[in-house]
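Structures incoming, each one as structure tokens.
Here chain A shows up in two complexes: once beside chain B, once beside chain C.
Right, the complex of A and B next:
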């Protein structure tokens, strides 16, 4: 779906901005400069304000991401269930570093709480959620889903 | 309403914040984000914390409103400890490269760090203090999000100095309504900058650099260019000084705003010339002369428009055409070009004084002195960051040379002088070079909002009526109001003028004109608060009271001048006689006028 079509689904009121951005993110995978300018023009808002909104939320990307992203929950309960050990394990297995762009294929990121605190630690690959991940079981997941 | 601060009663009004009450009564509270020109603070810097009887924890005094029975303590142990910790946290995210910093000695963060003796750096491990790899990560994380912008002609940004106080974002939004800057990302990755990290694309008024407490946003440094030109023996360096600069320059060397000589003349005018001479400038000219030329040209243009009945293109609703807008503020011109291109035909075609003098230097003066214009380096000392952009505009050319080669703001010049260990206060006063150096009171008025109108009126009214003006002061166009309009009666016709400063008011005015609610013949717009006197390149700190003092100095200086009407400036008369011909004539048209182009994106 083109940006224009997404925009026309919403009324040009500032409160609809987030809805539009979410939709663009879903359709496009990221919110690029062109999309951002389109939204700014449609809502008659300054580009800076649209970009501030888009970049504020972790769930929205402002750059095209060609890497596979593995996310680990950094919420308190997940940390308590040793999510960082899982992260270390993934780092070792894939030879990548947390929050580091250097490797070409994968990127390991922390995410904020996904609301599944009783089933932590949570690992997310693309949009798939894995619950109660242990350092011992993480290599299985990686082998199957990457 | 009465509240108690440090056990003393103070009266205050509904809606006052604690910080406002304290400031009014001379109680000092440190703050980095509550700039007096902006709306009440957002409580971001957390430096203005105070203890109150209404809340268990400390509150930020810039957001807490005064209420009945409020008791405030501003300097308790707990308050000071919290402030110190917050300051250390700010410092931890700051580059801390003070020695080589542009703002060294003039940085609000540095001043506070000194006042609270931040010397332990608990939160930033220095290289030798690093104990484990984890701490190295911490250090890396701090600098992972640095954005440097040097790709625009006027303003340089370096986010490693940024403390995210948001003053620039608010200045851009509240004063100028441009919103070129925004707060991007969040929490530890928060970054103040442009969308998609594109080079700054705005009107370059520099108000963001004027409110920045650190060196995160500063004027682009061209002092090195000037030094290079001065060191080159083949080049002739010709400097011009803007009208407003002489009233504010002394502030950079610790002299209070608005100080003037007993006669009313600008305090450091002669010393500025002397300092520039000492730096190595070959000639020092006065932009005020070109301001007079601008006035004469603009008045001629206005009279022509009035006489022909056609005052340019305007909104379709109006039959007789729109007002004539001044064009001496480059930010305003850029604003029209980018956001209201339909009003471009209404802009006066005159160049700004800076460009006029630059053009005259490289033609009239060079011809007279038999100098090849290629050997002249034309330098301008300006109150404004936007002038840097204006000097670079491709249409600002005579022959192959740009009219003006280097533009320095007041802050840059002062920095260069300090670096060269020249303190103007020890220098003997010197005079401008007489070739292009005589000024009038009307030209001096250019320094503040309303001045161009007053100066134009002095010339236009005399030319219209053919009689000499009795009273030169037009009080109706004076004052600090942000939106002034007046009607001046000349020969039974009414000349309707409007004066605005700050772009938010200009937007308001354009809206009114567009809707047909207001009609004017002449509109003066200055992009900065109170005109050039509050410009983006002027000394910091600037606020309402400082600007008021500066304006008073300008008005006094006008009064003290022997010649107070632009068209009576002997040098102006001479230039027209020897070189330009008549005002609005062919040669004047070629050298003193310019064209504007539509720069809007849609």
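Right, the complex of A and C next:
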């Protein structure tokens, strides 16, 4: 869907801006300069205002992400369920290092609590959530979803 | 005593009929048909209900502040307030690590929240209400959307509620993943399409909030208590729990405890009872030994074994209740992992608006990484090789390594002092709480290595 089509689904009121940006993120994968300009024109807002919102939130990116991002929850309850062992296993399997950008294809990051503490440890690949991930089961997930 | 969880197992969250059969929406009908808004506010004030998000402000007093605000002033017009109305927002942006009480309510009984929201909107005279839900709670947002649709069909919301002249529109607003948006002014900014950064208070939202208009932001669990209070009477509610903060609370138990999950208990309960009573936590998992508990998520204080008998209330107590989550840590846990987890969380979630928090949480996270990896801090040497030589020398002499560590220790004290006293909003203070306790209680364990 083009940006124009997404924009026209919403009324140009400021409370719809976040919804529009989320939708663009979903369709386009990121919110670049072109997308920001489109939204700024439609909402009659300064470009800087739109960009400041787009660059603030975790679920939106202002640059194209070429790497697959794997996130793992670092919250206390997930730690108790051995989320760090799962992280070590992912590091080993993909030969990457936690929070290190060096590898071209994958990136392993820590994420903040997703409120699923009763189903931890939580692993997220491209916004898809995996619950109760064990070091023994993580290679299955990586094989199927990467 | 069950108020929130009373009929959870009898209710199908996707069917409004099952909620109505459990006396659902009776309180809303009573409010609209038999009470004027001032009566509703009075009733909530008498009940002594306090906000369940963590701060524990009196809900009735908050509503009264907003209800007293009249139509748009010239000053507001000059500031760009475009409407004449007031707003009521349900805060379901739950992102405190270890907390999922609001998610559970939304999953099990969404109408409970919606009914409370409608009563609140009626009481302050708001025509528009929002449910601001955490961007990660996609399924729960869908449940709420269905629930709002069913309530509209039954004329509980929308235009002309229950045949009266009252209009209240409810909209589900999904966040985009930011812990700080749980703070009410940051939440308001994010609905307005701005960065989710907190605003200077005062003016408080009940005076000037969303689009410059009087706005109430209440936690979802607070609102879930409202229908019960109106149905059963404020007197009855005020006798439950402790006298300073009546009612019950959803506690989330996690960590090394046997029965993990959401448990409803009267306020004033002690952590001892929560963790060890078979009604709630049921003690520790077999083979694990209690070390300490953290009350209120990553921003909560640490409670050692000797202090478990302090009651948990929203009054003046040593261990603030916060969001009501209890993380039980056993003696096998790695404290440095936890320190890194807390520091990393606040470093990621600091919004960057004020320097003490942005830099403080960043430096604390750096030190936490060093502690975890047993690295030494960088010295003041100008060139790297000189530094390496120094470090090598220090390693040999052992004594000096401790001196290097001491630098980190001093810096931590500085950072924690700054975080707890000088940041713009409470996030910085939250970041320092658990660290402060950990350094006080286990400083030796952390640094002597």
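Just so we're on the same page, the second predicted complex is superposed on the first by the 145 of 146 C-alpha atoms of A that agree within 3 Å, B and C clash if a C-alpha of one lies under 4 Å from a C-alpha of the other, contacts with A are read in each partner's own complex, and residues count from 1 in each chain.
Heads up, the rule we're going with is that contacts are C-beta pairs under 8 Å (C-beta built on N, C-alpha and C of every residue); 3 or more make two chains touch, one makes a residue touch a chain.
As the structure is a prediction and not an experimental result, all values here were calculated from the model.
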Q) Overlaying the two complexes on chain A, which is it for chain B and chain C: clash or fit? A) clash
Q: Mind working out whether A:80 is in touch with chain B, chain C, both or neither, as first, second, both or neither?
A: second
Q) First (chain B), second (chain C), both or neither: which does A:110 touch? A) second
(Q) Quick one: is A:14 in contact with chain B, with chain C, with both, or with neither? Answer first, second, both or neither. (A) second
Q | Partner chain in contact with A:60 - chain B first, chain C second, else both or neither | A | second
Q) Touch check for A:22: first (chain B), second (chain C), both, or neither? A) second
Q: Please work out whether A:41 is in contact with chain B alone, chain C alone, both, or neither, and reply first, second, both or neither.
A: first
Q. When the two structures are overlaid on chain A, which partner does A:30 contact: first (chain B), second (chain C), both, or neither?
A. neither
Q: State whether A:118 touches chain B only (first), chain C only (second), both chains, or neither.
A: second
**Q.** Which superposed partner A:52 touches (first chain B, second chain C, both, neither)
**A.** both
Q: Quick one: name whichever of chain B and chain C touches more residues of chain A.
A: C
(Q) Can you check which stretch of chain C gets into chain B in the overlay, out of 110-118, 290-298 or 416-424? (A) 416-424
**Q.** Doubly contacted residues of chain A, that is, touched by chain B and again by chain C
**A.** 49, 52, 56
Q | Parts of chain A lying in touch with chain B, wherever the complex brings them together | A | 33, 36, 41, 46-52, 55-56, 62
Q: Using the touch rule from the top, collect the residues of chain B that touch chain A in their complex.
A: 178-186, 194-196, 198, 602
Q | chain A partner contacts - residues on chain C that touch it in the complex | A | 94-100, 103, 134-137, 173-179, 190-197, 252, 254-256, 260-261, 294, 297-298, 327, 329, 333, 337-338, 340-342, 344-345, 348-349, 351
Q) How about chain A: which of its residues touch chain C in the complex? A) 14-19, 21-22, 43, 45, 49, 52-53, 56-60, 74-77, 79-80, 84, 110, 112-118, 129
